[in-house]
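Both of the next two complexes hold chain A, though its partner changes from chain B to chain C.
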Partner chain A sequence: MKNKTKRTNNACKEQRAAYLFLIPALLGLTLITYIPLLAVFGISLTDLNVGHFIKGGTMPPVQFVGFQNFREIFQNPNIDFLNSIKVTVVFALLAVVCSIVYSMLIAMLLNRKMPARGFFRAVFYIPYILPAASVMISWWFLLKYDGGLINYILVNLGLGKSYFLSAANTAIPSLAMIAVWTSGNLIVIFLAGLQNVPRVYHEAAEIDGANAWQRFWNITIPCMTPIIFYNLLMSLVVNLQVVVPALAVTKGGPGKSTMFMTYLMYQIGFRGRELGQAGAIAFVFFIVAAILAFILFATSKSWIYNEGGDDQK
Partner chain B sequence: MKTKKLLALLLCAMMVSALFACAQPAAPATEAPAAEATEAAAAETTEAPPAEKVTLTFSLWGDPAEQEVTQKTLDVYNNSQDKVYVQALQIGRDEYNEKLQTMATAGEMPDCGMVAEDTVIGWAKDGLLMDIDIYAGQENLPLDYLAFKYDGKTVAYSAANEVLALWYNKAMFDAAGIPYPPTSLDQAWTWDQFVEVAKQLTIDANGKHPGDAGFNKDNIVQYGAYVNQYTWQLEVWALSNGGSFFSPDGKSVVFDDAAIEAIQKVVDLHLVDNVAPLNDGTQDNGFTSSIGAGNVAMCTEGQWATGFRGAGFDGIDYGVAVLPYMKEKVTIATGGPTGVFATTKHPQEAADFLRWYNSEENGMNTIMAGWWMPTKQNYYTDETLLKSWVDDCAFRAALPADAYKTAIVDVALDTNVTHQSAWYYTPNMFDVIRTLQPAMVEAINGSKTVKEVIDSVRDAMQANLG
Partner chain C sequence: MNESAVQPSRVKKGSLKRYSFKSKKRSEKIADTLSLLIIIFMAALVMLPLWWMVRSSLMKSIEIFKWPPQFFPSEWLFSNYNIKPTTFDFWRYLGNTLTIVVPCVVFGTITAIFCGYAFARLRFKGKTFLFSLCVGSMLLPTMVTLIPLYIAWASLGLTDTYWPLILPYLCGGGAFNIFLIRQFIKTLPRELDESAAIDGAGYMRTLVSIIIPSIGPAIIVVALLIFISTWNDLLQQTIYISSREKYTMAVGLTTFMGSFKNDYAGMFAATCLSFLPGVIVYLFGQRYFVEGIVMTGMKN
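Right, the complex of A and B next:
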C-alpha cells in the first residue's frame, strides 16, 4: 500500500515537472502561432486595407464585414480561389508522392556499399540547401522552350520540344519534378531509417528463401512506415506552402495553372493591399492544410507498423 | 530530491527568460528605428546629422553600383545645405513594394522615395502617397507626359524619361548584307517590312530561312526579331494599330479589335512567322535576353538599352532605330517615379529634396551611364544641353549620336508620337498586369488566340480598375 502511494506521488511529481517543462513551448506556440492565427481570422472579418494605417489618410474607417471576404474569394472570378485550392492540392499531392518514391529509391541506392558513397550522398542532398529562387530560375533557363538545354537535348534526340513551364498542362508536372529534385532532406531521413531496419529480419527471410522484392516489400517497407509517415507529413506541409515557383518564375501562369494559394494571398495582401481578403485566404489555407494533415493522421494507424507502440502509461 | 527540483525550476526559469529575451528589441525604437538601422552602412560616408537638422529617409531600389552612385548624390545634397539631412533606405527591387507597405502598416513609411510605376495611382488612391506637386510654382518643368495624375492632381513625377525603340545587332545586318533599320520616323518600316527583314535574318542550323523548303523551326540558331512582351510594353502595338487598352480617363478596359489584332501579330512572330523565340514575358525579356544573348538581330526595348554597352555588353556593337508601325507611328514613354509618402512629417522638405534629386544637374551620372534620359524639356531643345548628354556620352555617340537624336530625342519631343504608358493615369495597373500577364502566356504558346485570352479576363481587368 505504502509503495503504491509512493508511486502515485512520484507520478504526480513527474506530471508536474512535465507540465513545467512544457510551459516555454506552449508560450511560444501561443504567442507565435495561435494568437496570430486568431488575429488573421479577426482581420478576415474586416475590410482592412494598408491605407487604413495612414493617419488622416483617404480611406474610410475599417468596417466589420462578417464573412463577406470569404464569399468574395470564392465567388469573385477575378480571385478564383477554388482554382488556387485545386492547383495547390494537385501540385502538393504530385510532388509528395513523387518525392517519397524518388527519395526512397535514392536512399536505398545510397545505403548500399559503393565507392564514393559519401560524395554521392552529398550530391543528392545539395539541391535541398540551394537558395530556392536561384534553383527555380536555373530550372527556368534549363526548361525554356527556345534555347533551353532540355529542349535542345530533346530536339537532338529526334523528339519534339515541350513547353514545360510555358504551357498550362505541363507547368504543374514540371514544377513537381523540380520539387522532387530538391527533396534531399527526405533522402537523408530515409537513409537514417534504412540503417535502423534490423538486419536479423533480412537474414531470417533470406534463410527462408525470400527474394529481394519480397524482403523489400515485407520487411523494409513495414519497418520504414513510421519514417514514411513523417516524410509524408513534412513533405505535404512544405509543398502545400509552395510559393517560390510562382514568385520567381511563373507569376501564377500560364493562365491560372500555378496560381497557388500562398501566391494568391501574397498578391492580394502584399501587392493589392487588401489585407481582409488576404486574411480570409490565409484562414481557408489553414483549414485545407489541417484537413489534409488530419486525413494523413487518421489513416496512419491502419498502415504504420509500430514495434514499440504508443507510450500510454 | 530537492536538488533535482531546484534544477528543474532553474531550467524552466532559464527557458522562459530566454524566450522573453528573444522577444526583446535590440534597442528602443526611438533610438534606432529598424528602417534606419539598415541604412547605417549606406550613410557612413556622410557625417551624422546635427540635432537641429530635419532628417529625411529616402527609399530606393538598385544594385550595389547604383546604390553607391545614389549615396554620392545624397552626400552632395547633405553637404550643400545645413537644414536637411537625407539618408538612403536601400531595398531590393523584388521586395520594394512589400517592404514599404509593411512599413505603412506600422505608420513608419520613409519620407519620400521611388515608387513602382504600376502602383503609383493605387497608392495615391489608398492614401499612401501625398498629393503634393514637387514642381508647383516652378518654371522649368518636366515633359507633360511624365506626370502621374490621380483625380486630376499630380501625385508623382518620373525621375527619368524612357521611350521604346528598336535595337539591332549591326554585325548580323552586315553579315546578311541588309541595310540597318531606319532611324527617322518618316522612313519607319511598316510591320510587314519588319517581319520580312526578320525572316531574312532568321537562320536555322542548316542556314535556311523561314519560308525556305526544309526550314526547321525547332532548330533555329539566329532569330530575326524579339518583341518585348511585358504587358505594359504591348500597349504600344495596340496604339500603333489604332486601338487602345484603356479609356483616356483610365476607368474602363477597351482592348478593342485593333488592339487584339495588334497583339496577335506580335505573338505570331513566334507562332506563325517563326522569326522570334518563344517569350512568355515572365522573366527579363528585353535586350539582355535577345541582342545581349547574341542570337537575335532586332529587339524592342526602352531607351535604357543605351546603358548596356557599359554593363558587360560592350562586345556587341548595336544600334538604335525607330519602332516599326502598323497604322500609326507611335511609341510609349515611362520612367521610374519618385513621390512623397503620406506618413512624412516634413512634406515640404521632402518635396524640395525630390525636386533637387530629380534635376538633371544632380542625376547626370545615371544619364551619362545611358540608363536615363532627362525629364526637363529644355534638355531636348537647347543645343548645348542636348549635346551635354547625347554627343558627349560615349555610349550614345557609339549608336551613333545622330541616329539617337532622330530615333529617340525627336520622337520623345513629339507628343503626337509619344504616348504615356497606361500606368500614368490608370488605377491598380498592378492588378491588371497580375491578371493579364499569366493569361497571355496561353496566347503566346498558341493554345488560345489573343481574342480568347482577352475575352476570358476582360471582366476581371475591369474589376481591377475599380
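Right, the complex of A and C next:
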C-alpha cells in the first residue's frame, strides 16, 4: 500500500517535470504554430492593412469583408494568382525530383570506401550552409549571358548560350538547378539512411550471385524508401515556400515567370500593405501544400517498404 | 596498365579488411576507382562556382566578365575587400546578424534538449498527442503563419526590432530539432538514467550530468541547423527590419545588389565575405555533423 502511493507520487513528479521541460515546446506549438494557422483564415476575411499598425494612422477600422479577398486574388489580372500557383508548383516538383535523384546518387557514391571521404562530404555539404541570398547573387553572375562562367563552359562544349535567369522560359529550370546544387542536407540524410541498410542483406545477395545493379534495385532502394519518402516530403515543403531567389535577384521576373506564391504574398502584404489579401494567399498556399502532401502520403503506402513491425513511430 | 595502377592501392588500404569475408573482385575495384573519379569530377563542379566568386572578388571590375574568362586573376587585388561602410558595412551587418543568431542558437538548442528529453524519457499524460502535434508542425510551411505572426508582433509594437526573429527560437528551436534530440536520446541505454535516479539525482540533474554529455554530436547538429536557418532567413529579416543601421548580412547584401553601380569587384568581395562565417562555423562542427545525423538513426 505504501509502496503504491510512493509510485504514484513518483509518477506525479515525473509528469510535473515533463510538463516543465515542455513549456517551450507548448508555447511554440500554440502561439507560433497552431493559433496562427487558425488565425490566417480569419485574417483573410478582413481588410487588415499594414497601416492599421502605424501609430497615429488614419486607417478606418478593420472590416469583415467575407470572401472578397479570395475573389480579388483570383480575378485581378495584375495579381495573376493562378500563374503564381503554377510557377511555384512546377518549380517545386522540378527541384524536388532533381535534387532527390542527385543527392541519392552522390550519397551512394560517398558511401563507398574512398580516400578523403570526409573532405568530399564537406564539399557537397558546403553549398547548403552558405547564406541563401549570397548563393543566389553568386549564381546570378555565374549565369550572366555575357561573360558568365556557365555560358563560357556551354560554348566550349559546343552548345549554345542560354539566357538562364533572364528569360522567362529558362528561369524556373535554372532556379531548380541552383536548388539541386544546394541540396547537401538531403545527401547527409541519405548517407545516414544508407549506413543503416543492414550489410548482411548485401552479403547474402552477393553470395547468391546478384550483381551490383540487382543489389541496388532490390536491396538498397527498398531499404531506403522510408528515407526517400521523408526527404521527398521535407524538400517539397521547403521548395514550395521558395522565396529567396525572387527576393534577392529576380524580383519575380522576367515577366512573371518567378512570381512565386511566397513572393507574391510578400509583395501584396508588405509592399502593397494588403495583409488581408496576403492572408488569403497564405491560406490558398496551405491548401495547395496540403493537397500535394496528401497525394504523397496516399501513394506512399504502395511504394514504401516496411521492414517488419519493429520501428515504432 | 590499368591493373598495375590499381594494384598497389589494394595493399595500402587497410579498410579492405572490413570486407574480409570474401576476397575482393577486380570488378569491384574498378567500380571503386570509377566512383572516386565521378566524385572528384562532381566535387570540382560543385566547388567551381565558389572558386569563381573568390577569383572575381580579387580582380579589377573590368576583368571579371572578360571573354574568354581567366581562371586566375592577373593581379590579386585584396584591396577589393576594403569596401566602404557606406555601401556595405560588413562589421555592422556581422554584429547585427550575430545579435540574432547567437541567442537563437544558444536558447534554441537548450530548449530543444529539454523538450527532446521529455519526449524521449518521461511518462506523462497526452504524450502521444503532443508528440504528433510536434511532428505535424514540421510539415506546416512557415510562410502560412507569417502574416498572423507579423500582425501579432506589429500590435505589440515590436517591428523594426530583433525580437520577432529571436523569440520564436526560444520555443524549442523548431520541431525537427526536438525530434532529432529525442531520437538521439532514445538510442542511449535507459540504465544510464536509472542508475542516476537510484543515486538520488532528479530529472534536471540526470539530464545535465548524464544525458547531455552523451549526446554531444546531436547538440552540435542542432546548433548548426539553427545557425543555418536563422542566418538564412532573408524573408523574415526583410519584413521585420526596416532601419538601415539594423540591417543583417543578408538584407545588407540584397540591398547592395539592388543598388550597386558597376562596382562588380566590391559586390563579389561582399558576397565572399558573407560566405565566411557559415563556412567557419561548419568547419568547426563538421567532424560531428554527418555522424550526428547518422547516429540518430533517421528512421522516422
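By definition in this document, the second predicted complex is superposed on the first by the 273 of 313 C-alpha atoms of A that agree within 3 Å, B and C clash if a C-alpha of one lies under 4 Å from a C-alpha of the other, contacts with A are read in each partner's own complex, and residues count from 1 in each chain.
Everything below uses one rule, namely that a residue touches a chain if its C-beta (ideal position, glycine included) is under 8 Å from a C-beta of that chain, and two chains touch if they have at least 3 such contacts.
Since the structure is predicted, the reported quantities are computational estimates derived from the model, not experimental observations.
Asks: Fit or clash for chain B plus chain C once both are placed on chain A?
Replies: Clash.
Asks: Name the contact category of A:Arg273: first (chain B only), second (chain C only), both, or neither.
Replies: first
Asks: With the two complexes superposed on chain A, say which partner A:Pro131 touches: chain B (first), chain C (second), both, or neither.
Replies: So A:Pro131 only meets chain C here.
Asks: Answer with first, second, both or neither: which of chain B and chain C does A:Ala11 touch in the superposed model?
Replies: After superposing on A, A:Ala11 lies in contact with chain C but is clear of chain B.
Asks: Quick check on the superposed pair: does A:Gly253 touch chain B, chain C, both, or neither? Answer first, second, both or neither.
Replies: first
Asks: Looking at the overlay, does A:Gly51 come into contact with chain B only (first), chain C only (second), both, or neither?
Replies: Only chain B is touched by A:Gly51; chain C is not.
Asks: Return first, second, both or neither, reflecting whether A:Gly147 touches chain B, chain C, both chains, or no partner chain.
Replies: After superposition on chain A, A:Gly147 lies in contact with both partners, chain B and chain C.
Asks: Residues of chain A touched: more by chain B or chain C?
Replies: Counting residues of chain A touched by each partner, the higher count goes to C.
Asks: For A:Trp181, decide between first (touching chain B), second (touching chain C), both and neither.
Replies: Second partner only, chain C.
Asks: So, does A:Pro226 touch the first partner chain B, the second partner chain C, both, or neither?
Replies: It touches chain C, and chain B stays clear.
Asks: Identify the partner contact of A:Tyr163: answer first if only chain B is touched, second if only chain C is, both if each is, neither if none is.
Replies: Only chain B; A:Tyr163 stays clear of chain C.
Asks: In the superposed arrangement, what residues of chain A touch both chain B and chain C?
Replies: Correct list for chain A: 17, 21, 24, 27-28, 31, 50, 53, 55, 137, 140, 144, 146-147, 249, 270, 275.
Asks: Hey, which residues of chain B end up touching chain A in the complex?
Replies: It comes out as residues 8-9, 11-12, 15-16, 18-19, 23, 97-98, 101-102, 104-107, 119, 122, 125-128, 218-220, 223, 277-278, 280, 282-283, 293, 295, 342-343, 428, 430-431, 434-435, 437-442, 444-445, 447, 459-460, 463-464.
Asks: Spell out the part of chain A that touches chain C in their complex, as residue ranges.
Replies: Touch residues, chain A against chain C: 11, 14-15, 17-19, 21-22, 24-29, 31-37, 39-40, 43, 48, 50, 53, 55, 106, 109-110, 112-115, 118, 120-134, 137-142, 144, 146-149, 152, 181, 188-189, 191-193, 195-196, 203, 206, 212, 226-227, 229-230, 233-234, 237, 240-241, 243-244, 247-249, 261-262, 265-266, 269-270, 275, 278-279, 282-283, 285-286, 289, 293, 311, 313.
Asks: Which residues, counting only chain A, touch chain B once they are in their complex?
Replies: Those in contact with chain B are residues 17, 20-21, 23-24, 27-28, 31, 49-51, 53-55, 57-59, 76-78, 137, 140, 144-147, 155, 160-161, 163, 165-168, 249-256, 258-259, 267, 270-273, 275.
Asks: For the complex, which residues does chain C have touching chain A?
Replies: Interface residues on chain C, with respect to chain A: 13, 15-16, 18, 21-22, 31-32, 35-36, 38-39, 42-43, 46-50, 52-53, 56, 64-69, 111, 114-115, 117-119, 122-125, 127, 130, 133-134, 137-152, 154-155, 157, 159, 168, 170-172, 178, 202-204, 224, 228, 231-232, 234-235, 238-239, 249-250, 253-254, 257, 264, 267-268, 271, 274-275, 278-279, 281-283, 286-287, 289-290, 293-294, 296-300.
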